[in-house]
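First comes the structure, then the notes that go with it.
Letters A, B and C mark the chains as written, and numbering starts fresh at 1 in each.
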Amino acid sequence: MSATEMTPARFLRSVIAIFLKDWRSELRTRYAISALLMFVVTTIAIILFSLGSEGASADALAGMLWVVIFFGAMSGLSRTFVMEEERGTTLTLQLIAPASAVFFGKLLFNLVLVLGLNIVTVLLYAGFITGFVIRNVPVFLVTILLGSFGFAAAATVIAAIIARANTRGTLYPVLSFPIMLPLLLTVINATRLASEGAFFQEAAGEFQILISYIVVVVVISYMLFEYIWKD
Amino acid sequence: MEETLTLSGDGLRKVFNRRTVFENVSFTAGSGSVLLITGRNGSGKSTLVKIISRVLSPTAGSVRFGPGGRETDDPWQTRIGLVSPYLQMFEEFTARENLSIAMRVRGLPFDGARADGLLERVALFPRRNDPVRTYSSGMKQRMKYAFALLHAPHLLILDEPMSNLDEEGVGIVRRIMEEQRSNGILVVATNDLTDIGHFDTQVDLNERH
Amino acid sequence: MAIKILLGVLLTGVVIAGFGFPMSAAPQTWYELPVIPGLEDKARIIFFHVPTAWLSVVAFITSMLYAIQYLRKREAIDDIKSSAAAGLGFMFCILATLTGAVWAKFNWGSYWNWDPRETSIFVLLLIYGAYFSLRSAVEVEEKRATLASVYSIIAAVTSPFFIFIMPRIMTGLHPGAKGDPEGAGPVIEFKMSPNMRVIFFTSLIAFTLLFYWMFTLRVRAARLEAHHHSGG
């Protein structure tokens, strides 16, 4: 046993250190947080303007909530990788961290961002859009939680691809949409069920799909990340 | 147990956009020796440095680093230090924070006293709490030495070691190189032989096309 | 050469039989096709539309398999094969979408209805589109090959989720679907008379051969181009 051997505890410390580095950097620059926040505020304002005094059906409003979240996520979640690429610190990280630790550190960072984004979005959405009613709150909360995990998982690996491709923002939604569509359709359906006041059991199928989606995306990303990350 | 550490490259080839940068590059360097990499611009010095640093995969061939030339189970992130023009610090953080990140991201404990000692050594101690982005290019270059040496790597790789350095900086780096030679293996990529007093093995990339 | 002749014979046969064989309410001879109420002559599309849809999926899987191979071996040829398969898949995907949309206009009244299979083919189109956007965005060949391979694999492992999701959110319109979960799968369960079945499967084989032939042509062309570049 050597002092420098990679143990699970050491791997975990490495993951957390990468997360903390990104988090502190974010607190200093506020780049992603302000982009996300402004995006959510403007999009909800646009929805309010376009709805005017007309209401929309609960179904349509459930769908629109996730449109806001999807494009909000697309505006901020690539930051964690694109930033490293822009500043040339990808190589620095490659030197000091194993690829998989980088992936999980960035995944954790994006998860925190998405959870924050979703909480703010839901609060604003519920506060300002009057037709949006949730009759089964637990179903809705589980949907938001699982949805956040799913978004963070898919957004992180696609962000790594676009950062390494040096294409910045333009390709991000293009590459993400087909990958995230199963997730989007499922969370929209679950939100619709929650807004109709369906029982928890009725949404269980949606939750199963969400959980398996998260597992599949995290596992495949973990397996492929080294290829994306290493030149 | 004290088998000497050996760095060896075997039949290295790198193809980039269908262009062969170099091929048939092989070398061996043991503990206490200096490996010099030379070659004109575009001959692939930095490419070879990145391959030895394990941040770039060769198209063919392999690099091994360990006791008796065998790979160990230790992650190479803890055993390699690199200084190069394309290595960037995390500029929104201070010098001391950068050193802390370097250790913690490796999963190793951060020794503040050692970090301060190193910053003293590269003459950055008074500025240790300023963000790296406020540094001059010479200061950034010295900062990279502290970053590369903090975990006491057995293998120190220097690409253009003296770039941006003034006379004082050159003196600091010479002492660091001298010390590394007695503690482990030193790899230097440069065309300026005044940078380096003595070397044991040379890889000349001009001949490997 | 043999494959070209076989392909010519099979496809000619399928076209003649598919378009030319008469339809009759009570088929008497081997070449008379039964009339399917509600579809009539429109049923003939199955001989051409389904094979194109089938090939867009086959190409998708082929592309993924070569992508895995590329990541394992890092041989440029596997990336050439992967992108060649994807290119053909994209083409067949567009053909399937167009033929399907035109047929839907006549049979279901509008070009697009978001039936599960229409949605699936739409997603496949998006994936192919994203794949080629990614390829054109990366300059360095090795990096392009790696990133495209990774994307192709991620797309391939996430798309099967649609098989579980579609039946929950939409009902099928396609013949053989009848809203049951089985009908949302990529393969159509369609009751055909024996002679229709012969034409249908011959067509599937012929189209698959066509795909294989076009695939080898594309790979050869790309190989020559690559050789030309590195030689020059």
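Throughout what follows, a residue touches a chain if its C-beta (ideal position, glycine included) is under 8 Å from a C-beta of that chain, and two chains touch if they have at least 3 such contacts.
Only a predicted model underlies this, so the values are computations on that prediction, with no experimental measurement involved.
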| item | value |
| --- | --- |
| Reference subunit A; chain at largest CA-centroid distance | B |
| Nearest-to-centre chain - CA centroid comparison | A |
| Approximate Å spacing (C-alpha centroids) for the pair subunit A, subunit B | 37 |
| Distance from the mean Cα position of subunit C to that of subunit A, given in whole angstrom | 32 |
| Whole-Å gap between the CA centroids of subunit B and subunit C | 52 |
| Overlap residues in subunit A, where contacts from two or more other chains coincide | 231 |
| Per-residue overlap in subunit C, given as positions that touch at least 2 other chains | 139 |
| Residues of subunit B whose C-beta touches two or more other chains | none |
| In the complex with subunit C, residue positions of subunit B that touch it | 15-19, 59 |
| Residues of subunit C that touch subunit B when the two form their complex | 74, 76, 139-142, 226, 229-230 |
| Residue numbers on subunit A that touch subunit C, as the complex places them | 154, 157-158, 161, 164-167, 171, 174-175, 177-179, 181-182, 185-186, 189, 205-206, 209, 212-213, 216-217, 220-221, 224, 227-228, 231 |
| Touching residues (chain side subunit C, partner subunit A) in the complex | 71, 123, 126-127, 129-130, 133-134, 137-139, 143-144, 146-147, 149-151, 153-155, 157-159, 161-162, 164-165, 168-169 |
| Sites on subunit A touched by subunit B in the complex | 2, 4-6, 10-11, 13-14, 17-18, 20-21, 24-25, 28-29, 87-89, 91-98, 101, 230-231 |
